[in-house]
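All chains are identified by letter, namely A, B, C and D, in their written order; residue positions are counted from 1 within each chain.
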C-alpha cells in the first residue's frame, strides 16, 4: 500500500468517524481531518509522480478547505448557537455502520473500474473516493441541520476530488482552482443563507423548509 | 299516359276510402249486435263538417290550419304515387323512401298542429304519435326494402309491377312483408290494439286526441285524410298478398283489379273483427305489439336475402 | 366619436364580411371548373414544407358553403350582438370571427399537411375563443376547455397520422398520399379518428353539446354548419378523392356514422336547451355524412361504382344541406335567445305569434333536417338510403347485405327520432302558450336577422327542389373517379308543385271560406276553467315516452313524488323529476379524466417539499441510470 | 481579429455591473442596465452573425475557450433573453415599489449586479472548450443565480434558494465526477495522456475508453440533468422559478436551462464518436420523454401560476433532451429559441399579473380578461406559444422533433411525446383559462401601464414570426 492510498483510506475513515457523531463540532473536526488527509494524498501523489503542481494544490486545499472552510463553518455554528442535530433522520450509530458497509461496497465498485497503467494507488484511491462520496451523501440525507448538509456536500466533494486525483494523471491546474473557487463560494453563500434561515425560521433545521410543495 | 286509367283510378280514390271507413264501422256495429250507421256515414260526416263554421284556439298560429291542408295534400299525393291498387297508373319518383318521408311530413305537421293549441290532451297524443311512428317506421321500411330487394329497385312502381310470375319461392317474401305492412298499418292508423279510435277519454287516445281542437272544414280535411290513408295502407297490404298469389298462379289484370279493391274491404272487415275481439293494449305494452311488425319486416328481409342469395 | 365606432361595428365590419363572402362564392364557382394553386413566397415556410393552397372542385363546395353561411352570419351578427352587449366586446367578436372564417377557408384550401394543421389549429383556437366569449361565465370556460381538449386530441391524432403517412409516402403534400394499400391502415385509422373527434362523431362527440350552446348563435351556426363539416372534408380530401381506403376504414366510418346518427338524435330529443338539442342533432347529421363517406369508400374498395357515386354525392350534398339548415336553426335559436334571453325550452313557448318569420324559417329548417320532401334534407338522405340499398342489392357478401339492411332500419328509427326531436323543438319553443314572462314579451328580431334566416331557408328549399341538378353537378365533380356516374334522381320539382297545388286547392276549397268567420276560443280545457301555460306539455313530457323506452342508453330516470293526505285521489303536491346522463361521460370519459387526475395527484406527492427526499431522488436517479447503463 | 473583439465584449456585463454600483440608485441603474443589455446584444450580434452565417466552424478565443456556431447562437439567445428580462425589470420593479412589500433600492441594485454576473457566467458556458471549465462555469451560474432567487429574502425565497443551491450543487458534484470519468476515459484510451479539451475529445473520440466514457456520461447526464430540470431531478426548479422575481424567473427559464442542456450537447458530441455509445443518445432521449410525460402530469394539478410555467419549462427541457437524443443540434437550438421567447414573455406577464392581483395562487387568480384585456390577450397568446400551437414557433420545432423521432423509428417515443404534449396543452388551457375568465376580485383596479407589455408583446410577435419562417435550409441541417 502506497502513501497516497494510505492517506486516502485514512481520509475515508475520518469521514466514517465524522458521521458517527451528532455534534456539529465533532463533525467539523473530523471533516477537517479528512480534508487534511486529502491534501496529504495530493502531496504524496505529487511525490510519487513528481508533478510539482500537486504540492501547491495540496497546500491550497489545506489552507482553503481544511482550515478556512472549517473555521468559517465553526464560526457560523458558534454565531447561530446550534451545536447538534435536533434528531437525525437515521440514527447516528446506524449511519456510521452503514457507511462502513459503504466502504466495502466502494471497494467492490472500485475494483470493477479499469485502472490506469502506472498509477498503482488508483484502487485504494477509488475505494476511498467512492466511500467518501457515499458517506457524504448519507450525511446529507441523514441530518436535519443546514450546516450538516454543507459538511456532507463538502465530504462528497472531497470524494470527487480524491477520485480525480487518483483516477487521472492530474486534472489541469486551471480546472482544479476553478473547482476549489466554486466550492468556496458555495460554502460562503450557503453560510449567508444559513444566517437567514436562522433569522426567519429560528432554527437551521432544513426539515422545516417544506412550505414549497405540490400538494 | 292513359286517360282512362287515370279516370278509373280517380274514381276508386274517391269512392273506396269512404266505403272502407264505412265498412269498418258497419261491420263492427254488426258484430257488436248494433245496426250501425249507414255505409256512407263518413261522407255524410264530412259534408256536415264542411258546412259548419270553424272555431280555432286563440293560441294557435297559422300552423294549425296550414297543417290540415298540408296533411291532406300529402296524403293525396302519396295516394297518387303508391300502387295500392293493381291498376294505378305509373308515375316517376314513386320511391319507397319518398313514400315513407311523405308520410313523415304529414305526421310532422300533424304533431305541430296538435302542439299549436297548447292543449295538454293533444300534446299527450302527439308525443305518443311520435313514439309510435318511431317504432313503426323501421317495420314499414324493412318490409318494403325486402320487396325492393327482389325487384332490385326502390321504385314502388317496379316493385309492385305485375310481370312474369316469379314462382313459389317469391311468395313467402310477399306474405311476410304483407303481414308486416298490415301490422304496421294498424299502428300507423291508430287502430286497435294500439289505439282505440272510439274511446271517449282523451287521455288514452292518440289520433283522435290530436284532432281535439279541429272543427268544421278543418276537421273534415283531417277525416278525409284519415280515410284515404287507411285505404292506401290497406291497399298496399292487399297488393302484397295478391303478389303472393300471383307468384304462384298468375291471374288476369281485370281479376287483379277487382281483387285489389275487394281485398281492401276484406281487410276492413278483418279490422272490424279484430277490434271487436281484442282490447286496447296498455300504452307501455304497445312496443311489444309493434315488435311483431318489425319482426315481420326482418323476416321478410331475410327471406329476400336468401331468395336472392341462394 | 362613439357613434362613428358604432357605425363601423354595425355596418362596415359585417358589410366587409358579406362582401368577402361574395368573393368566396365567386371563388367557389371558379374552383368548380378550374384548379388553382398558390404557394407562399419564400420567407414564409413551415419547417418542412411551404404554405401551399389549392382550389379544386372539392374545396369549392366547402368554400361555397362557408361563404353562404358567413354571409348570413354577417347579416345576423350585428343584431345579435346588441343582445350580448356588455358581455362581449364587438371588436373582439369580429376579430375572432374573421379569424375563424379565414382559417376555415384556409383549411379547406390547404394543400399539404402542415398548412392544414396550421390553419386547423387557428380555426380551433379562434372558435374556442368565441366559445369562451363570455369571460365571466364559468360555464363558458368549462365548455371552452372541453372543446380545446377535444380539439387537441384531434390534432394529436391527426399529427400522428400525418407523421406516419409522411413516413410511408415521403411527402407532405396531400396529393402525394395514397391510402389504398394495406400498409396504410395505421395512419388511416389515426387520421380518421382525428377527424372523427373534430367532426363530433360518436364516441368523440361530447364536446359538441358543450361548445355549441355556449358560443354566440352566429358562431354556433358557423361551427356546426361549417366547421365540423371541414373535419369530414378532411376525410373526403385524404381518402375519398385521392385513392380510396381499405375496407376496414370504410367499415369503421360506416360504424361510427351509424352509431353517431342514432346516439346524436336520441340525445337531441331529450335536451331542454334548444342549442344543446341542435348540437346533438349535429352529431346525428355528421353521422349521416359519415355514412355517405363510408359508402363511397366501401363502393370504391369493392369496385361497385353505383354505391360509390351515391355515397360520394350523398356525403357532399348532405354536408352542404346540413350546413345550411343547421345554420338556419342556430340562427333561429339565436333569434330566440336575443328576444327572450333564454334557450331553455321550459321557459319558452308561444313565440310563434310574436315572431312569425322566425317561426316560418325555423319550421322550414326543422322540416329540412327531419328530411321532409321536397326540402334538401330529404334529397341527401335519400341518396344515403339509395347507397345502402345498392349495397344490399349488389355487394354479394351476405354479411354486408345484412348490415346494410340493418343500417336502413336504423336510419328509419333515426328519421322517427329526428321527427320527434324537431316537432318538440318547434312545438315547445314556438307553439302553445308562453311558459315565462320573458317569452310572452318576445318580439320579432331585427329585419337583417330575419333576412339572414330567410336567405338560408330559401336556399334549403332551392337545394331541395333543385336536387336533381345539384346531384348531377356533384356527380360531375366525382365523375372523374367513375366511368359512368350514377345520378339517382327524384322529380322534386314536380312533387313540390303537386303538393303546393293540392294544398292550395284544398285551402281555397275548405279553409279560405271560413277565414273571415273564424271563431276564436280558448283550447279545450275539459270544462274546468281556462288552461294556463303550466298545464301544457313540456319538452320533457313530450320526450318522455321515447326516453323511457330507451332508458338504458340514456340512463333516463324518472321520479314522481305525490304528497297529500289522500294522495291517490286528491294530490296536493306533485313533484316529478326526470334526469338523464350521458353514458359515455359517466362511464368512459369521467373515469379517464379521474385516472389522469389521480396520476397527477400521486405525481404531485413526489414534490413533497422535503429536501432530503429530493436528494434521495437524485441518488436513486443516479443509481438507476448506472444500473441501466450496466444492464443495457 | 474577431477573437480580439469577442472576449472584451463578453466582459461588457462586468463593466455594466460596475457602472450599476457606481450609479448607486436602482432607478438610474435600471435604465442603464436596459440600455446596456441591448447594446450588448447589438455588439454581440455584429460580431457573431457574420461568424454564424460564415464558413468557419470554430473560433478559438483563449486557451481552453473557443466558440462554435451553436454556442454562438446560444450566446446571442442568452444575451437577448437577459436584455429582455432586464429591460422589463425596470418597469417591473418601479411598479413593485408601489406595492406594500417593496424591495429596497439596494436589493434592486444587487439584483441588477447579480443578473449581469449571471449573464457573464452563462456566456462562459458557451465559450468553454474544456469539460472542466464547462463544469466550473455551470456551477458559477448556480451561484450567481442563487442571488436572484434569494431576492425577496422572505421565508419562501430562502427555502427556494437553499434547495436550489444544495440540490444543484450535489447534482453538479455528480457531473464533476462524470467529467473526471471522461478525463480518465481519455487518459485510458489516448496515447498523449488525455485531455479535457472538448474539440480534441471530439476528434479523438474513437480512442476513448468506452466503459469509463459511458459511466462519465451517465454521471454527467444526472448532474447537468439536475441543473436542467430533468425528471426526477427537477425538484428545485419549480421552487426557484416561482420564488424568484419575474425577470429572474424569465432568465432562469429562458437562458439558464439552455446552459445545462448545452453542456449535455457537448458531451453527446463527444459520445457520438465513441463506438457503441448509441446508448448515451438513447438514454438522453428517454430521459427527455420521461420528463415530458411527468411534467405534463405535474401540470394538471397545479396551484401556483409561476410554478405552472416552471413545469412547462421542465416539459420543454424534456423536448430539448429528445432533440439532443436524436442528435440534432439545430432542433435543439430551435426548440430552445422558441421556448425561451415564449417562456420569457410568459414569466414577465405572470409577474405583471401577480403584481396586479397580489397573489400567485391559481385558485385566487380570476378575471384577468376583465381586469387587463391587453395583458390577458398577450398571456393567452404566450401560453399557446409555449404549448406548441401553430402559428407559433414551438409548433414547428415540436413538429420537427416528432418528424425526426419518427424517422429514427422511435415510435413509442413519438407517441408518448404526443400524449405528453397534448396533456400539457390541456392542462395549460385549464389553468390559463381559469386565470383569464371569471370575475376579478373587486379590489383590483384595471392596470393602465403599457410599459410592462412592450417586451412580452414583442416576444409574442417574434414567436409568430419564428413559426412561419423556418425554411428548408434549416430543415436540411436539422434532419
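Convention: a contact is a pair of C-beta atoms (placed from the backbone, for glycine too) under 8 Å apart; a residue touches a chain by one contact, two chains touch by 3 or more.
Just so it is clear, the model here is predicted, and its values are computed rather than measured.
S.K.: Identify the chain pair with more contacting C-beta pairs: A-D or C-D.
M.R.: Per the contact counts, C-D leads.
S.K.: Of the chains present, which has its C-alpha mean closest to the combined C-alpha mean?
M.R.: Chain nearest the overall C-alpha centroid, as shown: C.
S.K.: List the centre-to-centre spacing of chain A and chain D in whole Å, with centres computed as mean CA coordinates.
M.R.: Chain centroid spacing, chain A to chain D, equals 31 Å.
S.K.: Based only on mean CA positions, could you tell me how far chain C sits from chain D in angstrom?
M.R.: Roughly 44 Å, centre to centre.
S.K.: How many angstrom between the C-alpha centroids of chain C and chain A?
M.R.: Centre separation, chain A to chain C: 69 Å.
S.K.: When the C-alpha atoms of chain B and chain C are each averaged to a single point, how far apart are the two points in Å?
M.R.: Measuring from centre to centre gives 35 Å for this pair.
S.K.: For chain A, jot down the residues that touch at least 2 other chains.
M.R.: 137, 140, 149, 206, 209-212, 214-215
S.K.: For chain C, which residues are shared contacts with two or more other chains?
M.R.: Chain C, residues with two or more chain partners: 601, 604, 606-607, 611, 615.
S.K.: At least two partner chains per residue is the criterion; list those residues in chain B.
M.R.: none
S.K.: Hey, which chains are touching each other here?
M.R.: Result of the pairwise touch check is A-C, A-D, B-C, C-D.
S.K.: Note which residues of chain D are touching chain C in the complex, please.
M.R.: By the definition above, chain D touches chain C via 162-163, 166-167, 170-171, 174, 214-215, 218-219, 221-222, 225-226, 232-233, 235-236, 238, 279, 282-283, 294, 297-298, 300-301, 367, 369-370, 380, 384, 389-391, 395-397, 399-400, 402-403, 406-407, 414-415, 418-419, 421-423, 425-426, 429-430, 433-434, 436-439, 467-472, 474-475.
S.K.: Show which residues of chain B lie in contact with chain C when the two form their complex.
M.R.: My answer: residues 50, 53-59, 61-63, 65, 68-70, 72-74, 76-77, 80, 92-93, 95, 97-98, 100-102, 104-105, 107-108, 111-112, 114-121, 123-124, 126-128, 130-131, 133-135, 137-138, 140-142, 145, 148-149, 152, 154, 202, 212-213, 216-218, 220-221, 283, 287, 294, 297-298, 301, 305, 309.
S.K.: Can you list the residues on chain C that touch chain D in the complex?
M.R.: Touching chain D: residues 42-48, 51, 114, 117-119, 121-122, 125, 129, 132, 135-138, 140-141, 144-145, 148-149, 152-153, 155-156, 159-160, 163-164, 166-167, 596-597, 599-601, 603-604, 606-607, 611, 613-615, 617-618, 620-622, 625-626, 628-629, 632 of chain C.
S.K.: Which residues, counting only chain A, touch chain C once they are in their complex?
M.R.: 89, 137, 140-141, 149, 206-207, 209-215
S.K.: Over in the complex, which chain C residues touch chain A? Could you list them?
M.R.: Contact set of chain C toward chain A: 601, 604-612, 615-616, 619.
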